[in-house]
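Chain naming follows the written order as A, B, C and D, and within any one chain the residues start at number 1.
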Amino acid sequence: MLGLTDGPIDVATVRNAVDDPGFGAILVFEGVARNNFDGRRVTHLSYEAYEELAVPVLQAIAKECFENFGAKCAIVHRTGPVPIEDPTVVIAVGTPHRPACYDASRYALEALKARLPVWKKEVYDDGHDWKRNQVPDE
Amino acid sequence: MLGLTDGPIDVATVRNAVDDPGFGAILVFEGVARNNFDGRRVTHLSYEAYEELAVPVLQAIAKECFENFGAKCAIVHRTGPVPIEDPTVVIAVGTPHRPACYDASRYALEALKARLPVWKKEVYDDGHDWKRNQVPDE
Amino acid sequence: MLTISVRLFAQLREAKGEETVTINVSAGSTLREVYEQLFEGPLRALPIAFARNDTYAKPTDVVEDGDNVAFLPPVGGG
Amino acid sequence: MLTISVRLFAQLREAKGEETVTINVSAGSTLREVYEQLFEGPLRALPIAFARNDTYAKPTDVVEDGDNVAFLPPVGGG
């Protein structure tokens, strides 16, 4: 399960996509719409995506997670308006042992933040900003 | 939510216990009963706990997660028999930003493995073992 | 002259008020040159990534008539 | 002599076939001494943690009449 959705993400469905009787560890990361940024009240977020490129990028990240960490990986990113406290992205990772699970989850998250062609609009009472991810190697 | 349960863990309930409109990251770790160990088929696991001491240990770990990482933390560990693919423990962590979320989740997991008075019986077709956790500083 | 379709996202889309614009460019134009034909000022200074016909492309790639081009401002997923 | 109650877990419980045993020990016995009174061989060599009246205690703590003592083998949670 690797894709975008313009409605609420069903976290359990993403998690269940990585079920495997040989896995001892499952890690589900949710990016969540936060109600503030730098002391400014955020009313909601809104995402837009280049879907034709985003899906291959998610597939590439999942493949890297398998090759580097032996992990099964499912990722769903939401598009359109996202209310505060709703998940914006869900990354589920399963592995036989826990250290690889944390490594793979973090890898997928950082890769997604650096590479996924998705744009985030943070909406305030009096305007909005397009938020650019800080990429570690910049 | 910090405690033990002798039935299936409801993962969503543990996750929702750390909801907060100021959180941008939620991480849910599930330890899962795996169907094999060192090539040996595992039929199921069974845990027993010293509940009177386990609950204070979980409370201490949650307090440390808050003090060290600003994280809200919910932990439920299962006791009794656990079928393969069922969660044995669920650790939910919420933080404003993602790096602290991973750090707090991993901290809680390693602290639990080192300190929680819970014992794991791995049951095979032809016997069982009481499994001792490997603690990093041993 | 070539006619190409340009897909825009986020602040680029807002600046033009359209998700897709159709423009005429000189034969031999690179993606970067097309971008600079459309945007100036602070938007021109953004580190843009490029796609051509739904595949990532280099700024120096030359466009062809009928191409579907996309300009990707810095991403913000997660 | 003192009478104390001892709670056992995992392989210690299995070895005795009981979750709780009641035993008599000499006045002045430490938790570690009580443990060695009950277990020998490979079980005696385990790195055991001790509790007294549902609180962690040191191996050198002295038991009192009526104490509820617990022996905790290496843990395996997670």
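Convention: a residue touches a chain if its C-beta (ideal position, glycine included) is under 8 Å from a C-beta of that chain, and two chains touch if they have at least 3 such contacts.
Predicted model only: the values in this text are computed from it and were never measured.
If chain B is ignored, touching splits the remaining chains into A, C | D. Mean C-alpha positions place chain A and chain B at a centre distance of 23 Å.
As a whole-number value, the distance joining the C-alpha centres of chain C and chain D reads 74 Å.
Spacing of chain B relative to chain C, judged by their CA centroids, is 49 angstrom. Across the assembly, chain C contributes residues 78 that each touch 2 or more other chains. Chain B has residues 31, 98, 109 in contact with two or more other chains. If you check each pair of chains against the touch rule, the ones that pass are A-B, A-C, B-D.
The residues of chain B lying in touch with chain A in their complex are 11-12, 15, 19-36, 84-85, 87, 94, 96, 98, 101-102, 105-106, 109.
On the side of chain B, the complex with chain D involves touching residues 31, 47-50, 52-53, 77, 88-89, 109, 112-121, 130-133. Within the complex formed with chain B, the residues of chain D that make contact are 7, 9-11, 13, 49, 51, 54-56, 70, 72-78.
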